[in-house]
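In structure tokens below, several structures.
In the two assemblies presented below, chain A is common to both, partnered first by chain B and then by chain C.
Coming up: the complex of A and B.
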């Protein structure tokens, strides 16, 4: 059987069946179409303005390498007028970052972009290896994720840059959507799907231009463009919700390849159904729908995105069970009265039908951390809280 | 440690609820006895059926939620969708018990119940199957249900385009009924590339739902009862999200009004309620319950011979199947069977969270009512569709062959995102 011709140019032999829509394409057309779609995402979401200085969060992994390559190509092809900089974080994990940072350094030369490397040690006084030494292998992804998120922003601030782009792809977003549905976190769900996070109050805006790109296509793109990237997974793997959601996404993709994008679509739609959210469909303007805290962004490290400590699912299960157990012991006087008056008899679903939206998803109020000034919904941001704990332990160990 | 010694005064493991009997079962990680477990399930059911009872009370005045077009209903009228699976069978049993106990107390019947089984055996039609034989097989099963629950009416309704179009008589626009297209697409043996198992399963499920709703209206019932357990609702939530139906989730998972009917539906379809009275029981609990009921005969007797009917059923979870033959629902069933085992409260939380989502696109919304998908009947998210088109690269949608291409083209713009996906392959 002869190989099919490329559906796009009808001249070359098709070598790629796109996971996204089953289209059979030749190599040249695939690269073109991939870039065109990212371009569409960028223009329709108005991600950049001419002359904008943009830092690319670069891990040396496939996603950020492809992002850097595509942005460079599009910047030149379509005259975005962007000033692109590579920004890397050194978490201080031996054997993980040494090689990948070498990759980033080579990328900087290949793409002719300036590179800034920020270390956890200079930002927080702790490398990840030291953190793991102190708290063990379980739960350290929380530290890594929280530190990393701020590290990119702080690094960008050092460079005087107000916009960081990250390589999060459609698989990552789909995973986050399922994860937040699984743990019943509508507030995070409504934020994590928007392409831009961080509003006018935050100093650094974040966006993910590869939000609609399949991980598989990113790998194909890197392969066919012969990009120089470093492939490894974080040695401190996460478990629980994200791991569970990740496995589920992969299974769904196998059964129906379009499922990943379908989940992203559902995530965007559900975000508009969260009580208290704007009903407007446009999450792409970057202004509204972007009330998101940066620390609610799609998860942490380059490939594994781990931020959830092991046993999280079990812990949540237990907490929920405790709640259920105590539910019978208390009487919600207000609720009982409301029910009595309205005679609607609805117990669980009150928020929807009665329009009592305040109960649906707790809204967080954005402020700034009293210690470091980073935006936070708490008085003291997550990173500073974690650091406090770490530093306490360190003092003890040293004594 | 579960060894029980009946007859002894000191119980080795007393039931935490009654403290009078030996615990033989685990209920939400607490040891309970058989009687308390049965009571636990029926309490969950009664709570929900009472909620529905309040909503459907045929009260005079404008606040009544019942349809005004039908004859005045003196008693509540419900329709139960019976799949022959564990959950819907348990629901049927509980409804019967509820009715009998009311009658035994000398009260009037709390509701009239019509039970409908939607027969999907001809969807899609397979070569070499004898349609008459499969009808007879379904009727044989229904006869066993009829014998056990003589107070209820049981009906077999085939899933076919005529069922849907019969109930769409008032259709006054001249465009052909999309379900005709879908049926011809799925029944045609000339289709070069049949839709995938995932798409077939999706379409079957949504057409079944629509058929049940149409029957509910047809029988002048106020509410459609579905047997979904907590686990099933969690599966439904994630499965529909994975099929791009996030927008319709609140309509699918929550209890309350059915999606507003579009112009092609009968007017009396409006104001219907959909309720899931077993929404607070886990699937494994319903399986246990079915095994415990022995009066007048074991409930499990009804459930025999149906294990091969539904590859997504709990019984099918251990079979190894090629992923090509799996549906999204199958993946979710397998996934939640595991989660339910270790983290039952997480499962419950998924269903509860989905219930908090706001229903948009229906009447009563702040924006203009959205048009309904002509296939699944759910509100369409037109804003989302406009915004989404470009991201997909839908223009270069690969090659679609033969029948499917023409059907997909004909229906474009009339279906919701999820149905468009399933029709497309």
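Coming up: the complex of A and C.
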């Protein structure tokens, strides 16, 4: 069949078909366009300020490796004036991180960036291997996830850095939007679309500059730029529900590649409807109006009941959700809905919006953990709760 | 347009990355010799190759990590001589001598 020429330079052979608009591009033009779009995301969202010290959460995987490479390129090309540092977490799973940490160490040399590796043992007094020895393999992803959530922030804090960027891409965001949609959790759905998380209460700001980048293009970018990355799966069990959402996203992409960004944009539009949530898309890309969506669409169903009944999965899920909710803001619509649904035994605690003090919500609901100082809606944060359980177990074992 | 050398076999290289190499004996690059035509006499295409890889090269019983519902699993990219196979006719692409086919998974940790 006839070889297509690049739609941009019209000189080179096209090697990419872009999922977002079907544009056929050559390698050089693709790399340029990919970088330009990330630059656009960064500038339109005002992610950075000149001289800012930024830690890149680096796993050695494709997303964070591409993020590091692109940020280095853009920082030099556009004079952001950023002081970039690679920050890696070592969960302490024997063998699991060896190759990926080796990759990050090579990246540090390749990109001429300082690298800081922080271990779970350093942060929590427990490696994941020790956790598994104590509690078994079931449910350990909960621990790993909860610990990981804080690990980057804690590591950044140790380095005196107030901004962590992560490699979350459009597919990840779409997946999270779908998960929260399927759970009927609009507040979290809204939060998950935000490019910046963490607010005045948190000491460390988090952002995801690759939020609009397709995973497919990230992999192709890494391939065509011959970036050095590492692929592995967590050797412990994956979270089943997320896995299903992921498979769904990929299947939708196959049928209609624009679906991924459409889901992201839909999530942003929902966020606009949620009181207290900031619209997070850049002005020029979020033009699709929210018109047509009315209150009826968000209320009036028992969808909170629709979660997988029973089992470890639900429990783990709830734990993670509560933890994430502790960073987050809930909304009046959902609150009303759940209150109206008083018959439900499952009714979960809803953190009150920060600005919502008119209802006499105690300010401390979004305070800090009494043990570690990490932002938490409870007196003791999720990580410290888990640690308490672990430490009791360790004491038992030693007796 | 196809030149099928001596008419009997086509030699190509097949690469796996992004974690897929784990399904193929932890080996990234494989040299593969395929018959130039399939059993019905049609030139060997990607469908044939994918089936061949599953039956001859895969060392892992979890075939569905590579092929789902008789097609390449969604989330796995296929590059034919560095070009997205969507530009080359996907499964209908007829293999040429010295082709390089890359299968790269996007599904593994970021």
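Throughout what follows, the second predicted complex is superposed on the first by the 306 of 399 C-alpha atoms of A that agree within 3 Å, B and C clash if a C-alpha of one lies under 4 Å from a C-alpha of the other, contacts with A are read in each partner's own complex, and residues count from 1 in each chain.
One rule holds in what follows: a residue touches a chain if its C-beta (ideal position, glycine included) is under 8 Å from a C-beta of that chain, and two chains touch if they have at least 3 such contacts.
If you're wondering where the values come from, they're calculated on a predicted model, not measured in any experiment.
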Partner chain in contact with A:78 - chain B first, chain C second, else both or neither: neither
Chain B versus chain C as contact partner of A:20, first or second or both or neither: first
Chain B versus chain C as contact partner of A:251, first or second or both or neither: both
Partner chain(s) touched by A:64 [first = chain B, second = chain C, both, neither]: second
Touched partner set for A:220, first chain B, second chain C, both or neither: second
Which partner, chain B or chain C, touches more chain A residues: B
First (chain B), second (chain C), both or neither touched by A:392: neither
Which superposed partner A:212 touches (first chain B, second chain C, both, neither): first
Touching partner for A:46 - first (chain B), second (chain C), both, neither: neither
Touched partner set for A:268, first chain B, second chain C, both or neither: first
Set of chain A residues, in rising order, touched by both chain B and chain C: 24, 251, 254
Residues of chain C that touch chain A when the two form their complex: 17-19, 73-75, 77, 79, 82-84, 86-89, 102, 104-110
Residues of chain A that touch chain C when the two form their complex: 1, 3-4, 13-17, 24, 27, 59, 61-64, 167-169, 171-172, 215-216, 218-220, 223-224, 231-234, 246-247, 250-251, 253-254
Residues of chain A touching chain B in the complex: 7-8, 18, 20-24, 33, 36-37, 40-41, 44, 177-178, 181-186, 212, 244, 248, 251-252, 254-256, 258-259, 261-263, 265-270, 272-275, 279-282, 284, 313-314, 316-318, 320-321, 324, 343-349, 351-353, 357, 359-361
Chain B to chain A touching residues, read off their complex: 28-29, 47, 50-51, 53-55, 196-199, 237-238, 240-247, 249-250, 254-256, 323, 326-328, 330-331, 335, 339, 342-346, 348-350, 352-360, 366-367, 381, 383-384, 386-388, 390-394, 396-399, 417-418, 421, 425
